[in-house]
Amino acid sequence: MQVNENFEPVIVAFCCNWCSYAGADLSGTNRLNYPTNVKIIRVPCSCRVNPMFILRAFQKGADGVIICGCHPGDCHYTSGNYFTRRRITLLYSMLDFLGIERNRTRLEWVSAAEGAKFAATMEQFTADVKALGPNRRLEDLRCRKQ
Amino acid sequence: MQEAMIKRAKELLADGSVDRVIGWKRGEFAYDITPAVFTSAEELEHDFVFDDFTAANVSKYLVKETAKEGKILAFLKPCDTYSFNQLIKEHRIDREKVYVVGIPGGPKLDIEKIKAKGITGVLSVKNEDYTLKIETLYGEETMPFSEAVLDKCASCKSKKHVAYDELIGEDGDVLESNRFDMVEKLENMTAQERFDFWRGQLSKCIRCNACRNVCPACTCENCVFDNPKSGIDNKAAADSFEENMFHIIRAFHVAGRCTDCGECSRVCPQHIPLHLLNRKFIKDINELYGEYQAGADTTSRAPLTDYTKDDCEPSVVHERGVE
Amino acid sequence: MLKISKSRLGELFDAVAAKQTLYIPTDREPGAAEYKKYESGMELTKELNTVRSAKDFFFPQTENLADFRIDGKNIEVRDIREECGDFVVFGVRACDARSFTILDKVFLCEPVDSFYKNRRDHGTVVTMACSRPAETCFCQTFGIDPTSPEGDAACFDDGESIFFKANTEKGQAFIDSIASLLEEGDTAKLDEVNAKTKEIMAKLPLAKLSTGNFGGDKLNEYFNSDKWAELSEACLGCGTCTFVCPTCQCYDIRDFNTGHGIKRFRCWDSCMYSDFTKMAHGNPRLTQLERFRQRFMHKLVYFPANNNGEFGCVGCGRCLAKCPISMNIVKVMKALEEK
């Protein structure tokens, strides 16, 4: 597949307030770089992410969606991320079943102490999505910027 | 069977055990039955029908019916009892207000399959030893019974009634079914092939909402797609994205609750195999979180409201076969 | 009458498609036909009718009306109307052809719907007479003769050849444009076919159905009928009947936020839906009974009241075939007539 070097993907990252969002902060205070393609949306817990959020991100122009939450066992609300894990596994599996590229979606556990992991994860995910090219299979043509 | 059912219904009405009976009403033609509530012996004798076309699952109507006064007799086929149980579990049906009579299940017939053979002007359909004798405006036609069986019956999962107060006829067993064959076939395709398959199917959708409205698992008072405050309400798919979104979200919302009754595909005016989306979730749940049959009981926790500490990560999706 | 041998139909389609866009009903899968843009080699369906009606050509399920572009504090409103190209819809049945007359009454009266008119002006409807009506057909109830369909031009199939007859100037122009392919033919066999069709029509299960008891003056009689409760009891509230119906014409206008502007579009609406005609004060029809009643009262009473007695149904039978619970206008008419 031909990779368009000029293509800059839009990445939406849903980050848990208690861990990954703080992890993003930490990577900033540590002066670590991560791609500016990543747009963070803060959520109170990764399990706040409704499948609809993910689909609507794609609809409104995202090329990749990543969800970041606390490591299993560390949820601020005890069990939220365990539910996230099941839900998101099934949803990603369904998107795969419908022929949507697997690398457009990801789930990572990033704690508040893992600034470096946050930056590395975003770096890697952005590169993966960039390699895939623009989201065409799950886009809303009306939202495409001319 | 129909006579036995009418007889029993009349008895239960007469002795005051029930006030109403939900079943199926005869139509204009041989096949166009309508789910209906009967309140008298005369109505039952005149209109009640139970034949090869009474496929409609009446369990969802019990949500509305048990909100009323009095007790209702419901005739449930094995597959309907799973939906019934699931609704009990979700506190949508008042069990005290229903008297369930288990009746034998299908296979039921699909008039559209008969018509797809080019048989038109259907006046009557008779099953003679698993050969259909079809009287039409243009003469008599025959076709094998098996070729006119509804898809949902062709991959029947169970002949066992999981809920009943009494049975007419014998109870059956849970079956070894081939219901995941098509899901598996799709899984083994490439992502592009799968995408093309689903685009071809979902682009036929006219957003009539029949799949949603018939679904016994879809009992929200106000669906997110009808709620102007949800931000995603829409009356028509104005873009292919909205076709995908509706069906993904609908299937996801019933994941772990869908009993695989197959009503969604049966009612689709465009013949979209919607049950495949639900079966994909069922298959994934079975493989990743252990065998689970929604509606098999009224107490177990649904897979999506449950977890274990060593559940797999979503990366299992990446590790599977071809893309 | 001018005719073409059925074996040469492909040539005819190619000739038409060379000049303008041509749509023909073709098999999507066994038992389900739909109109598709003609491409060489495509075959005409053997099905009686398409799943979706032909109204889509003039009144599509969704269409954009205007674009709003937002640039800083400025909003630019763009009229996105485009003159549509000439097109031909071939193989429309008599029932669907009549539906255009009904839609015209709605969309072409003042204020004229310019989107609809644009397509009507550019579309040529070529109808096809029926020879094998189905048990669900009841077009004759509404005075439609399926052996002599309306439309700009009408076609007749005698089994070997297709005959052409012009009903309007547009239809004459269509026939003139393909005249080189046509030859003069004898209609003796066609007359036989038509006579046979009429015999079948008389034997149809719904042949006796009549509109005699319906019309604009029956409002009080039927509106408060106690039959509605029973009839609407099993209704799922889905929109199948309204969306396959060739005459249902309700629509909603909505705005879609694209993130960089607004698209104002209209889409079909269904009186079966809980948010149908929802307004600031709420919804005028709160129960399924009221919504169900609206659909049939509209077709059998309100529409004739406002349109010189013309009913809002053409008897195509699609709702009879497609309703998930098989409740339909025929059952409603029969039930209401019962005293």
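Per-chain residue numbering starts at 1, and chain names A, B and C are given in the order in which the chains are listed.
The criterion applied here is as follows: a residue touches a chain if its C-beta (ideal position, glycine included) is under 8 Å from a C-beta of that chain, and two chains touch if they have at least 3 such contacts.
What you see is a predicted model, and the numbers here were worked out from it, not measured in a lab.
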Which of A-C and B-C has more C-beta contact pairs: B-C
Middle chain, criterion being Cα centroid separation: B
Approximate Å spacing (C-alpha centroids) for the pair chain A, chain B: 36
CA centroid of chain B to CA centroid of chain C, Å: 30
Centroid distance [mean C-alpha coordinates] between chain C and chain A, Å: 46
Per-residue overlap in chain B, given as positions that touch at least 2 other chains: 238
For chain C, residues contacting two or more additional chains: 256
Touching two or more other chains - residues of chain A: 140, 142
Chain B partner contacts - residues on chain A that touch it in the complex: 51-52, 55-56, 58-59, 72-73, 79, 82-83, 85-103, 105-107, 137-142
Residues of chain A that touch chain C when the two form their complex: 60-61, 140, 142-143, 145
Chain B residues touching chain A - in the complex, by the definition given at the top: 183, 186-187, 191-199, 224, 232, 238-242, 244-245, 248-249, 251-252, 255, 277, 280-281, 284-285, 288-289, 303-309, 311-318, 320, 323
Footprint of chain C on chain B - complex, ascending: 27-29, 31-37, 56, 61, 112-113, 115-118, 120-123, 136-138, 204, 206-210, 212-214, 222, 226, 228, 233-238, 266-267, 269-271
Touching residues (chain side chain C, partner chain B) in the complex: 28-32, 46, 48, 51-52, 61-62, 132-136, 200, 203-206, 230, 233-234, 236-240, 242-244, 252, 254, 256, 265, 267-270, 273-275, 278, 320-322, 324-328, 330-331, 334
